[in-house]
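The following block contains the structure, expressed as structure tokens.
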């Protein structure tokens, strides 16, 4: 799928539009059908036992599919998550960043769907799998 | 279902075990088959447009079902989320707390499942619907 | 929510439009926010062990939310399922019909969402819980 | 992952244990981390408009992950689906079989999780994406 935003464009967009969370995430690279994103794991992301909490894994999946979509349709349209589902598979490795690989499965006029495989950096077995659906507003409209 | 922890017990547990997020949540009340929890909405929970972000809605659902389970099995066992799915239905009302009503649908030996209806306080129509599954470790074991 | 189709209208619609499966299902009653549907359990619905198979439980949830929507928007529009998720909670009772209670959580211009609680007839504890999302085509258009 | 059942073993198992549906499905091939299964599309699988119905797509995903698991743990244990979620992405091509590619993401002691990409045979873009979770009974026990 053709992209209309570069990795640098996406990184700037994140800083500008998501000031509360932008420091948590980094765009690793755009891929042919999606994007690779990093969650910079810090103490604030942890739950008892020292693992990254579920909501932070959800957030990584959400931002990854969101930016994978915007990279293809541009920063104008304000896509909104309508469904997000996560299977938590294994305990993340303590003190290691999480890497989410998102691929777009559908980029329609009204709905976009992507899934994400999340791993502790350097590990082969996934920590979580997620699917995200976004509603794409009609052209020329905000949310 | 019989409870073994009171609302005060659950509130103390939250403060002790989840120091990073405990200030965000409040136990409203235990119900016959679940719990009602509040997300105290602040600026840090918002996404562009002034609505509560998806990961914070996920977090409210997650903590609600988690505490609904612990209220029935006690604080010893460390249940782990294995699946969480959220349907985002409407934009939350700006500047208003979110109230999550969780009900337990199954409290088995190995798995527990609950669902949650989330509303902006005082509103009738739900903002989101979520389902959460937890794996319950065998007795006498930590995670 | 106001209905524009009666229970008899829905039953006729099912016979006419879904000849392959209509004998499996019966409209029990419309409710204030949804519908109650019955799966007439027969040998063809069973899997090893004598329980109703997962796909048949999915089918009951799917048809229940579908008819709950059509009861409110009429039989013209051809809504399409975009997401369906089922939590299987307990083994159904052998040789007993399944009853699905669907409620609509959102009936928007573009998307409709409902969830369903499924029980073996006469039992209190649910066999399954499901959520279904439908895309509603623009007025005047087929699929 | 090492397999303990061959493609022929799985096909025989399907015929023996699932007489109601076995004619609908064929084992295409085992893969390094999963299985490829075919749904032989016939009139009984269709919904209005001539597309394969949602429950039949669910059934393909369910049987694919189920056999992917049994290929690795053997036919003795009776795994039970605990969660199944499907994103329906595109209308299947009329009169064409569906091919489901399942991969196992976790094969634990208690839970197994897989996802499936489903395409109309010969097409590149997926018709549906599904995730399935199975509960695996303790050794030596039936369901």
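Note that the chains are named A, B, C and D in the order they appear, and that numbering of residues resets to 1 at the start of each chain.
One rule holds in what follows: contacts are C-beta pairs under 8 Å (C-beta built on N, C-alpha and C of every residue); 3 or more make two chains touch, one makes a residue touch a chain.
Please read all numbers here as calculations on a predicted model, not as lab measurements.
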- request: Among all other chains, pick the one whose mean CA position is farthest from the mean CA position of subunit D.
  value: B
Task: Pick out whichever of the two, C-D or B-C, is joined by more C-beta pairs in contact.
output: C-D
Task: Report, in whole Å, the distance between the mean C-alpha point of subunit B and the mean C-alpha point of subunit D.
output: 33
Task: Can you check how far apart subunit B and subunit C are, centre to centre, with Cα atoms defining each centre and the answer in Å?
output: 28
Task: Please compute the C-alpha centroid of subunit C, do the same for subunit D, then give the distance between them in whole Å.
output: 23
Message: Can you list every residue of subunit C that touches 2 or more other chains, as numbers and ranges?
response: 82-83, 85, 87, 133
Message: Considering only the defined contacts, which subunit A positions touch subunit D in the complex?
response: 85, 87, 89-90, 105-106, 113, 115, 117, 125-126, 129, 131, 133
Statement: Residue positions on subunit C within touch of subunit D in the complex are 17-18, 20-21, 43-44, 46-49, 53-56, 58-59, 62, 78, 80-88, 91, 143
Field: Touching residues (chain side subunit D, partner subunit B) in the complex
entry: 82-83, 85, 110-111, 133, 135
